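Before anything else, here is the set of structures, which you'll find just below.
In the two complexes below, chain A is the common chain; its partner is chain B in one and chain C in the other.
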Partner chain A sequence: MMTKVELETFVEGTTHYFATAANQPASVGSPYIVQEGKPTIQEFTGLISIAGKRRGIVYFTASRPMLTVMLMRMGETELTQENMCDLVGEVANTISGNARRDFGKDFMISVPTVVAGEPEKIVTPDNIRSFVIPINWRSHSAQLVVCLE
Partner chain B sequence: MASANAKAEPLTNGKLKLMICDDSNIIRRKIERELQIERLQVIATAANGKQAVEAFRKEPADVVTMDITMPEMDGIECVENLVKIKPDVLILVISALSDKATAIEALKKGANGFLCKPFTDRQLTEALEELLRGAGNDD
Partner chain C sequence: MGILDLGRYKGIVFAITGFLVFMAIIMAVNHGKAGQFSDNVAGVRFLENRAQQPHAVYDASVQLAQRLQNGEKIDETLESLRKAAAAFDNSLNSLANGGMITDSTGDILVLPSMTEPAAVEQLKGASKLWDGYKAKLDPILRFSGSPYVTTQPAPAPAPAANGKNAAAPVAAAPVSTVQLSPRGRRLQGALNDLTQYGNTAHGQLSTVLASLSNQVEAHSRKQTDTLRYIQIGGMVAALLLLGAIFLFFARNLRKEEASSNRQRKETQDILRTVNEGLFLLDKDLKLGSERSMALNAIFRREDFLDLTFDKLLKDIVPEKTLRTAMDYVALLWGERVNEKLVKTINPLNEVEVHFDNPAGGFDTHFLEFDFNRVKSEGSLSHLLVTVNDVTKRVMLSRELQESQEKAQAQLDLLLRILHVEPDSLTSFLTDADVSLKMVNSILKEPAREESAFRAKIDGIYRQVHAVKGEAAALGLKTVEQRAHAFEESLNDLKGRQSLSGSDFLPLVVKLDDLFNHLAQVREMLSRLVDLHHAIATKRTAGGEVGAEKVDQWLAGQDQTQITKALVAPADLGETTGAVGGLERTLEDLAARVASSQSKQVNLRCAGLDGVPEAYRRAVKDITIQLVRNAVVHGIEEPGERAKVNKAAAGALAVEFTPRGSDGFELIVQDDGRGLQLERIKEVAVERGLITPAQAAMLDPRQTMALIFRPGFSTADRVTTDAGRGAGMDLVRILVAELGGRVGLASAGGKFSKFKIWLPATQSAVAA
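For the complex of A and B:
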C-alpha cells in the first residue's frame, strides 16, 4: 500500500512536469482511490512498468485535444498521432524517473508502452489499489494513475 | 566507414558536431531546435544506444546529448562505448532518472554533465554552455 508521502512524490512530479515542460502550471488534485472498476482511460496512454524494490505500473492518460496543445506549447509543429503517443510515454517516463529521487535507484522503470484508444490493453493488477491523480491543465483534464505494491 | 579510433574531422564551418540520442522523437526535435546555435551542428540523431554507437563509429561527434532509459542499449552502456571510441567526446546526459546514484554512475562511465528532465530551453542551453566551458571551448 502506498503512503501519503509516496503519493506526494508523484503529485510533485506531475506539477513540476507541466510547469517546466509544458510551460504552464497545471492544477493537480488530491489523489483518490479507485473504489470500483478500472481507472479512467482516455485516447492516449503512456504506461511504465515498475520493478525492483516496488512493483506495479504508472500511467498517464490524456485526450487528443490536450496533447495537441501540449505539443504546441513545447514548440512542436508536427501534431501527429505518433508524436501524441510519444508525448504520453515521455510524460509517464519523466514523472516515474523523477520519483527515483525519493524511491532510490532500486525503483526500476521500463521504457514506455503506449496505447492509443484501446483501454482493454491497460491492465492494472487486481490485488493492488490504483490511485488516480487528477490533472487539470487549461480547459483539459488528464490523469496519472499509480498502482504500486 | 570510420574505424573505432576515428578522430572527428572539424566541420568546414568551424562548428562542433553534435549527436542527439533519445528514444523520444519530440525530445530529439526539441533538443535539435534549441541547440542549432552558433557553435553546434547536429550531424546525427539516434533513438537508442545501439543506433548511437553505429552512427558514432561512422562519424564521431564532438558533443553528445544522451538519454538513459532506452530500448536496445541504455544510455549508461552507450556512454561507455562512445568514450572508448573517442575519449575526448563531451557527453551531456539528459535523463528523467533523478537519483544521485544514476548521475554518479553516468559520470564515472565518462559523461561530462547531467541535466534532469523535464528541462526548460534555458536550462538546456546553460547545461551545454557549461559543458563547453568545462572543456575549454568557451571562446
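For the complex of A and C:
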C-alpha cells in the first residue's frame, strides 16, 4: 500500500524544484486517485521509473504555457521545445534525487526520461491506480502522477 | 615441481640430452683423431729429417777418409761421424721400438703407423742394413788418437766440418808427405770398407726412411679421411637425430595441439551451451576471459572485458545490495573460511536485479549467484561464479506465497462477511463504491484557496460516515475501522488553522486503502454468492452439493462477477429484495450496538419493502443513523429501565409509510430516555456551537435542532458507533437533498420520535 510518507517525498521533490529553480514556490492542489484509464498527460512529461521495494513510474507533466513562463522566470530567453524538455527532465531529476535520499538503498531509480506529447509512450503498470497531485504555480497547473505498486 | 619432475617436458629434455651426449662423443672422437693428425705431421717431419742422417754419416766417413788421406786432423770429423752415427742409430732404434719419436719440443710421440707390418718389415730391413753399417763403423768410431806417424809435421789447420769444403784442402795437400801409422792405415782401410758399403747403404737407408715418411703421411691422410668420415657421419647422424627429435616433437606437439584444441572446443561447447552464467573472479574481483555465453543473456551485455564484479552489478542492483554482495565476496577470499558455512549466508542467493528497458522503466529479474573457491597449488586462486536466472522460479514462489497469504486474508474476510446477507452486502458495496467515488470526485475538484480545501472536508465526511455507518450495521468491522480512521484524518484536518493540498495526501492514501479493501470484499462476495448459487442449484436438482464446486470456490478459480450475484437472489430463497436486506441490516445493527452498549432492544420494522428505489439509499443511510443513535443515546440500560418500570429490552420501531401524493413518511421511534435538552445545551456550549448566553435563550424546539448541527454529539468519547456528531448532520443533509423535512418529538424519560417526510417521486407515484 502506498504510504503518506512516500507520496510526500515525491511532492516535496517537485515543490522544492519550484521553490529553488523557478524562483517562486508552487502550491499543492487537492490530490486524487485515477483508478481506470490514464491519468492526465500534458504536453511535456518528465518521467522516472522505480524498481525494488516499489515498482512503477512517477512523472511530472506540464503544459507548454506553464513551462514558457517558468523558463522566462528563470531568465531563459530561448523558449524552445528542447529547453522545455530539459525543464521537465530537471523536475523529474529533482524528484528522483529526493526519492533516493528518502527511500534509501532499497530502491532503484532510473535516470529521467522526457516525453514531449506522445502520451502513448508513457506506460503505467497494469491494474495499478495512480495518485494525481496537482501542482499549482501562478495561474497554471501541472500534475505529479505517482503510479507505484 | 622437483628438478627431475619434468612433466610434459620429459621427452624433450631426454632427447636434447641424448643429442648433446652424441655430439660430445663425436667431438671427442674428432679431437682424438685431430691429435693423431698433429703426431703424424711431427712424425713425417721427423722421418724426413732422419732420412738425411745416413747421408750425413756417409759424408762424414768420406770426409774422414779424405782428411786421413790428406794427413789432416781427423778428431773433429771423427766426432761428427760419431754423432751422426749415434743420432741415426738412436732414431732407427726408436722407430723400430714401437715407432717412438721425439718431436721438436722434446716430447716423445708414438707413430702407430710404425707398428704396421710393412713398416716393421722395412724397419727390419733398415736395421739389418744399419747393423752392417754399424759393423763397418764400429772400428772407426772406436778409433782415438792420431792415425799419423808421430814424426810427421803437425797437420795443417783443420778445415771446416763441411766435407765439400774440406775436399779442396785434402786434394791440395801433398799426398807424398802423409805417413800413416799402422793404426792409421787400419783406420784408412776401415774407412775404405765403410765408404764402399756406405756408398750404397746410405742411399738405401735414406730411401727406407723416406718410404717410412711416406707411410706416415699416407697413414696421416688415411686418418684425415677417417676424421672427415667421422665428421660427416657425425653431422649426418646429428642431423638425423635432430630430424628425428623434430619429427617426434612435431608429432607430439601436433598431438598435444589437437588434444588441446579438442579440449578447448569442448570447453567452448560447454560454455556456449550451458544455461548457467559461468565466470571466474580473480583477487582483484575482475572477471576472467573465459565465460559462458549465457552470461550475455543473463546480464544483457556483450562486453565483459576488464569488468569488475562491482561494475557488473552496480547498475542493476540497489546500492545496499551491492555493498552486501561485495562484503560477501570479500569474505570468500579469506583463507580460513568454512566454505559450506559461508554459502549458507549467501546474500546473492536470490537477488533482484533491474535492467533498463529501452522502452522505458526497468525489467526486473531474479538472479541466483553461487560461489565456489578455486584452489591452485594449495592456495585460493579464483572464485568460480555460477549465475542462474531464477525469475520464473521466484515469481512462481512469490505468486504461491501471495496466493496463500491472499487465501488466508480472504478466509478471514470470508468469516467476517459470512454472516452478512449477500444482498445487503451487495447493496452496501455498490453504495460504498458510489460514496468513495464521490469522495474522489470531491477531492478532484480543483482547489487553490484554503476555503476550497475546507469546503471539501464536510462533503467527504458525510460520504465516509455513511460508509462507516452501513459497514457497522452489517458488522463489517474491517471496513468500519478503515472508514473510522478516514474520519479521524478528516477530523484532524478540520482542526487545522490552515489547509493545503499536502494535508490531503493522507486522505488519498486512506481512500486507496478503502477502495482496495472493498474490492477484496467484493471478490469474496462474488465467490460466496457463486457458492450459494451452486448449492441452490444442486438442491433444486435433488443432488448433493458438488465438493468439486466448493473446492473451486475456495481456490478462487470460479470467479463469478458480482453482477451475477445481483441476479441470483431469486434462487437463494432467503430474501425478498434489497429492502428485506435493510430490515435485517437494521436488526443486526441494533443488536450489535445494543450488545456493545450492554443494552437490550427489540426492533420492529414496517413498510421498508415499500421504499421506492429513488429513496432506497437515502432511507438506508437515514435509518442506519437513527437506529444507531436510538440505541446509543435513547435506549437505557436494563437496570435503569427497571427503575422506571420499563421492560428490560427497549422498543425501537422503524416504519415507512406511503402517503399518496403527499409523499412518504419515515418514523423512527424508541421508548428510551428521550432527548435531554439541558445536556444538549451543555454539549453545544462545550463544543463551541453556541455561547452560554445563546443557550439560555433557546426554546425546546431550537434546543432539539442543535443535534442536527455538524460536530454535535453527546457521546463522552469517540467510538466507531458514536462520538463525532456527524450522524444527525448526515440525516439532515440527506433529507434536505431529497427535498424532505425532519420532525422531532421527544418526551423526557419516555420516548424520542423522528418523523421524516419525503416528497413523492415520479417512480414512487408510479409504483
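The rule is short, and it goes like this: the second predicted complex is superposed on the first by the 148 of 149 C-alpha atoms of A that agree within 3 Å, B and C clash if a C-alpha of one lies under 4 Å from a C-alpha of the other, contacts with A are read in each partner's own complex, and residues count from 1 in each chain.
Note that contacts are C-beta pairs under 8 Å (C-beta built on N, C-alpha and C of every residue); 3 or more make two chains touch, one makes a residue touch a chain.
Note that this is a predicted model, so its numbers are computed, not measured.
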{"item": "Fit-or-clash call for chain B and chain C when the two complexes are aligned on chain A", "value": "fit"}
{"item": "Included angle at chain A between vectors to chain C and chain B, based on C-alpha centres and rounded to the nearest 10 degrees", "value": "60"}
{"item": "Superposition-derived comparison: chain B or chain C, residues of chain A touched", "value": "C"}
{"item": "Partner chain(s) touched by A:60 [first = chain B, second = chain C, both, neither]", "value": "neither"}
{"item": "Partner chain(s) touched by A:3 [first = chain B, second = chain C, both, neither]", "value": "second"}
{"item": "Partner chain in contact with A:29 - chain B first, chain C second, else both or neither", "value": "second"}
{"item": "Which of chain B and chain C A:137 touches, first, second, both or neither", "value": "neither"}
{"item": "Touching partner for A:20 - first (chain B), second (chain C), both, neither", "value": "first"}
{"item": "First, second, both or neither for A:44, with chain B first and chain C second", "value": "neither"}
{"item": "Touched partner set for A:89, first chain B, second chain C, both or neither", "value": "first"}
{"item": "Smallest distance from any CA atom of chain C to any CA atom of chain B, in Å, after fitting", "value": "8"}
{"item": "Overlap of chain C and chain B interfaces on chain A (superposed complexes)", "value": "104-105, 110"}
{"item": "Touching residues on chain A, where the partner in the complex is chain B", "value": "16-17, 20-21, 23, 71, 74-76, 78, 82-83, 86-87, 89-90, 93-98, 100-101, 103-105, 109-111"}
{"item": "Complex contact set, residues of chain A against chain C", "value": "1-4, 7-8, 11, 27-33, 35, 47, 49-52, 55, 57, 104-108, 110, 113, 121-123, 129, 131, 133-134, 136, 141"}
{"item": "Contact footprint of chain A on chain C as seen in their complex", "value": "316-321, 323, 352, 354, 356-357, 359-362, 364, 440, 443-448, 452-453, 456, 500-502, 504-509, 511-513, 515-516"}
{"item": "Residues of chain B defined as touching chain A within the complex", "value": "23-27, 29-30, 33, 69-71, 95-99, 101-102, 116-120"}
